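Notes for the one structure printed next.
The letters A, B, C, D and E name the chains in turn, as written, and every chain counts its residues from 1.
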Amino acid sequence: MSELAINHCSKYFKKDAINFCAVQPITMHVESGQFISIIGPSGCGKSTLFNMIAGLERPSEGEITLSGMPITGETGHVGYMLQKDLLLPWRTILDNVIIALEIRGMSRKEARQRAIPMLQKYGLGGFERDHPDALSGGMRQRAGLIRTLLDDKQVILFDEPFGALDAQTRLQMQNWLLKIWNEFKKTVLFVTHDIDEAIYLSDEIYVFTKRPGRIKAKVQVDLARPRNETTMMEARFLQLKRELLLMLNEERPHPEFDGNEGDAHGG
Amino acid sequence: MSELAINHCSKYFKKDAINFCAVQPITMHVESGQFISIIGPSGCGKSTLFNMIAGLERPSEGEITLSGMPITGETGHVGYMLQKDLLLPWRTILDNVIIALEIRGMSRKEARQRAIPMLQKYGLGGFERDHPDALSGGMRQRAGLIRTLLDDKQVILFDEPFGALDAQTRLQMQNWLLKIWNEFKKTVLFVTHDIDEAIYLSDEIYVFTKRPGRIKAKVQVDLARPRNETTMMEARFLQLKRELLLMLNEERPHPEFDGNEGDAHGG
Amino acid sequence: AGSSGSKKTPAKNLIIAEPVHLIAYLPLYVAIDKGYFKQEGLNVKTITATGGAHVTAVVSGDAWGVIGGPDSVQIVNAGKSKDPITSVVNVVNRANVYLMASTKTPYTGQSDAELKAFLKGKSIAAGRYGGSPNLLTRYLLIGLGLNPNKDVQLDEPADAAAVVSLVQQGKDKIANGGEPQINDGIKKGVWSEPFYGFPSMGDYAYSVVSVKASTIKTDPKTVQKFVNAMLKGLKLVNNNKAEAFKVLKKEFPTTPDASLKAAMDRAYKDKLWSKDGYITRAAVAKPLDVVKKTGIYTKGYSYEKLVDMEFVNKALNK
Amino acid sequence: MAGKTKAPSPGLFIEDRSRRAKRIRRRAIIGQMAIGLLILVLWEGCTRFGWLDSYYWSSPSTIVRVGWQAVVHGSLLSDLAYTSGATILGFIAGTLIGSAIGLSFWWSELYSRITEPYMIAINAIPKLALAPVLVIMFGIGFDSKVVLAFLMTVIVAAIAAYSGVCNIDKDLEKMLISLGAKRHHVFLKVVVPSSIPWMVSTLKINISLALAGTIVGEFISSRQGIGRMILYAGQVLDIDLVWVGVVVLSFLSIVMYLGTVWLERLLMRGRTPKS
Amino acid sequence: MAGKTKAPSPGLFIEDRSRRAKRIRRRAIIGQMAIGLLILVLWEGCTRFGWLDSYYWSSPSTIVRVGWQAVVHGSLLSDLAYTSGATILGFIAGTLIGSAIGLSFWWSELYSRITEPYMIAINAIPKLALAPVLVIMFGIGFDSKVVLAFLMTVIVAAIAAYSGVCNIDKDLEKMLISLGAKRHHVFLKVVVPSSIPWMVSTLKINISLALAGTIVGEFISSRQGIGRMILYAGQVLDIDLVWVGVVVLSFLSIVMYLGTVWLERLLMRGRTPKS
């Protein structure tokens, strides 16, 4: 089916009159139905790459194609989920998840009918009429994912979707995501800072260098599926973790005291 | 030296005319210089317990003593750090960390002189005159901890201090905290959702039951210090992790779909 | 600020509150400009105070005297009796209000009956309700046997200039007012010469200068000096048109000469200004009859309490 | 839910915030009334015993008496209806159109920047001064009062809505665009709803501005209305009646204030107060 | 820092936001001038060719001429100084005292609730109507204008500061208290500084309210000032001069607006705009 191809895409910004490279030319081919993770130091351009794929930013050079069709600079071809749940606080959960359908011109009534079973199936039954404020962080991310699923795109980009959740909720969400991925057979690109998470979920992990970002390595995760909590205790898992930690440590500028080179984060 | 004792402290709220128990009577004795972690399901009353120790909330029953002196309902006896950095956005980092000294009546000038070497020593040199906005999440939490250290209390409470940081920054912060703890010999109570973090840092871990909270178990962490990243690969570490995971799973109401029983979280 | 207190300079500071800055108050401006007050050792300034505040400014002690109708003085006195305000010199002795008809519906009649018939059913831009032009118009209507609230339609804008635009817009057929409205309207072709002038009512204490009774009691000398200078001002205005015009130009620098000239001409023609500053019983009776008939103030008055002509008499006898 | 365990032993300290909130609400009402009463008593007393000049300060009893007369013999009630009608209409029109203008600035930064100084300048024009021109433009009828109330509110509403537009979460826009939304989708589904708290926040100020506008309109020219009554009363120095007007306007503004509070609650339903 | 790699090959698409911002700023200024010019030309043209009645609408050239006369023969400049002086003093006093009142509500919810309706009622009183009483209370001097400007601004400032107080991050308070702070510490170190953005947000509205207050004060009674000039011009039907006053006030308000923008930037230094 569809294959996502990123051909020699780079991104430059101009800041204070000097050119500033955020992403060095990157070439990546993702086969349909694969779960790909991307890890790399903060500020290495992971989000910028995703913005380019989603059509929100124009690459400085290069081209992006989906099943051979060029989609460079065009929005609406892939699903995109961020760390912030980005639910509209004034809409109920139900009305939040149908927004993509509304944009496509479907009537609210029809869209709602389609969404309700989905919400019920994936653990949000009974919360349809609540506003996002009333939900926990995990549930809000769940609603965000259901919104993306209802949009029904073959490729979904996740940019640290579980970064703001506590460790236990996070684990639940990972299992839940694996289950959904298994049912829907989407192509997933997943950015995370959590090496455990990357290994636990992915078929393949791309490691990026520090800024300006470039693919440093591509690691195959040869762990059997379905995976569960015991997977994390397996020797192969630990070995992969050690490898990846080492690679990332090489990319860390000052291992002890320096945080994120001044990039604001968190909270 | 000082020993923190929590004697049969509980907390009830009245909500919609019915009594609502947030924390069941808890008794805990923490010896001076120990690093204690507390883990437990969301909403089990960990933060409420900390609020009682810090004197921000009055326990419904019971008493809290520090080195034998009752401190129930009194503020200013222990340090307290939250997940939110709670830096004052309109103050520079330097002026933020000296706030406790200012409150005690020290002149700004003197307080600043005392704070500057501290900031320089612990990785914030050069950022003294910056406002918190300009710093990354990790650095902001560092400033928050320095603020607490300058306050010079024997006992420090941490309520998920690294919960909002990405995994790599988090690891750096953990090492940094261990180093500081080693130098200052403070008594630390540390709430976290991350089991790895709890094991990596603590001498002892208290596991709480689900709401209303109660101590379910007390686990000794018999890992040698100093610890580093390889500690996490040790067999004993993994065994402890498995044990704790199991205990927490027992406390999870609906292991698959339910999030946090409707408590709003995250973002 | 700056009431009668400054003892550093030999001249005594006096503030006269005026409800508007009006061409009709020319004698006062002349007395200031020509230094008549200075000669008496007074330093007089005017202040504009609207919305009834002109009389209040005297009550509060912020102003020494007020120029305006004796009717408003009487109304305030009736409200608070402790230290009544007393009129000491006349300035404008004619009801300085005229009625103009839109050029589309000119009035050609002569008799009261014709006037009544003409006014009936018309819409009139009558100026702010409670203001003298408005009350005089109502007074005329009542005198003619018309009900101001039923038989005609009164538009009562607070702004004098709005009267012109109301007639020009065709919203009203008749307007009341004085100069410079009349001339402006004529120039624009909105109306022609007034068809009715309230000066025809004869002596009418339209604007007088009044001060507190306590001032008269404690400081009669200053009052006398003030009246002396005012009388000089009245005299110059009445006798020396050219000089008076110069002062007028100075006081109203942005008003076109033609308007000022028209205003002066009309004023002389209708004997606007008091000859001698004397306030007669008949002249006071008329404005108070107007407020009584129009229902604004019905409690009556006493000429002796409201008016004190001793200073004018002294000055005239000197 | 899970917290409903056995009742705790008696004598425990139990926090109950809702009761505390209720107690404060009750006390506040009592306090408000007490202060109101105190003011009335002081006012009445001071004017009775001559500490305040009753001519200028009137007195509560006189105001009630004169006010009642104005209701029975005068036209206070219809004046009130006239003034509040014009105010409310002007307020609604000003708020809606002003908000629309403010929101429209989202479409182009250039357009908003060019327009801003002109809005500020127009806002600063003292309306009373331009009476003759306003009479020509808007006449002297009921509409002219509405127009003035509108003019007083429209710019403030526009500025508020624009503040909202400037503070929109860019990520929400981005999210919608990534779903393939066009600009009009973003406008309708994000910009408008997320600016509502900002627009709502100025309702309280705007209602009193609208009232001021109506009063100015009645000052310019009117056959009816509280403003006209006050102007007339001031002109003939009937200060008791001025006070009646002032008191009526104060009540009217409190009622309208409560109305905006209610409106606020309605518009903010399902939203927490902005942080 | 680390991004300064070799220059990319030419012909690449490179985003440059600061240049875009600069371009918009330049265009905005050009646009503003163009619109200003257009208005002037249209206004002049329409009145020249009689499409607008120049008696009511005056014309730019006449306004400039009459304005120049008012500067040379009249007292336009000292009027301007008088009005802007009173406005600025009243604005400063109203903003400071109003903010203090609003902040003081932090100390007690009860006190704030009791006070609120009275503030609203006082705010709604039309000042022009109470001219006689105001003259008794505040006299007719310069101070009385300052007082009116003050009265117009103080309540709005208080409401804004109180909004700030209501939106304080409770956790910051909690943090300070946990450090052993007393209430006055919390007030000075958290409540006051964190309410500043809210107070700042109403400066723009308040400066024009202060101007309106001064003008009303001058309408009530004055020997000087732009308001008095406008009033006078209206009375002598010198509508050209009214327009001069209107134009001068518009300019004054724009200048003051720029002043508040500058003040805003000063007060918000080291803070990002609130989210």
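One rule holds in what follows: contacts are C-beta pairs under 8 Å (C-beta built on N, C-alpha and C of every residue); 3 or more make two chains touch, one makes a residue touch a chain.
Remember, predicted model here, so these are calculated numbers, not experimental data.
Enquirer: State which chains count as neighbours of chain A and simultaneously of chain C.
Expert: For chain A paired with chain C, the chains in contact with each are D, E, in label order.
Enquirer: Between chain B and chain C, what's the gap in Å when you average each chain's C-alpha atoms?
Expert: For chain B versus chain C, the centre distance works out to 82 Å.
Enquirer: Whole-Å distance, chain C centre to chain E centre, using C-alpha means?
Expert: Measuring from centre to centre gives 38 Å for this pair.
Enquirer: Any idea how many Å lie between the Cα centroids of chain B and chain D?
Expert: Spacing between the chain centres: roughly 47 Å.
Enquirer: Enumerate the residues of chain C that touch no fewer than two other chains.
Expert: 51-52, 55-56, 59, 159, 161, 164-165, 168
Enquirer: Quick check: what residues of chain D touch more than one other chain, meaning two or more?
Expert: Correct list: 53, 56, 128, 131-133, 136, 169, 219, 231, 234, 237, 239.
Enquirer: At least two other chains touched by the same residue of chain A: list those residues.
Expert: 84, 133, 261
Enquirer: What chain-chain pairs meet the touch criterion?
Expert: A-B, A-D, A-E, B-D, B-E, C-D, C-E, D-E
Enquirer: Considering only the defined contacts, which chain D positions touch chain B in the complex?
Expert: By the definition above, chain D touches chain B via 1-5, 7-9, 12-19.
Enquirer: Along chain B, where are the residues that touch chain E in the complex?
Expert: The touching residues are 54-56, 75-78, 80, 82, 84, 86, 88-92, 99-100, 102-104, 131, 133, 151.
Enquirer: For the complex, which residues does chain E have touching chain B?
Expert: Against chain B, chain E makes touches at 169, 171-172, 174-182, 185, 189-190, 193-194, 196, 270-272.
Enquirer: State the interface residues of chain D toward chain C in the complex, per the touch definition above.
Expert: Its residues touching chain C are 53-56, 128, 131-133, 135-136, 139-140, 219-223, 228, 231-239.
Enquirer: Under the touch definition given earlier, write down the residues of chain D that touch chain E in their complex.
Expert: Those residues of chain D that touch chain E are 24-25, 27-28, 31-32, 35, 53, 56-57, 109-110, 113-114, 117-118, 120-126, 128-133, 136, 156, 159, 163, 166-167, 169, 201, 204-205, 208, 211-212, 215, 219, 227, 230-231, 234, 237, 239, 242, 245-246, 249-254, 257, 273-275.
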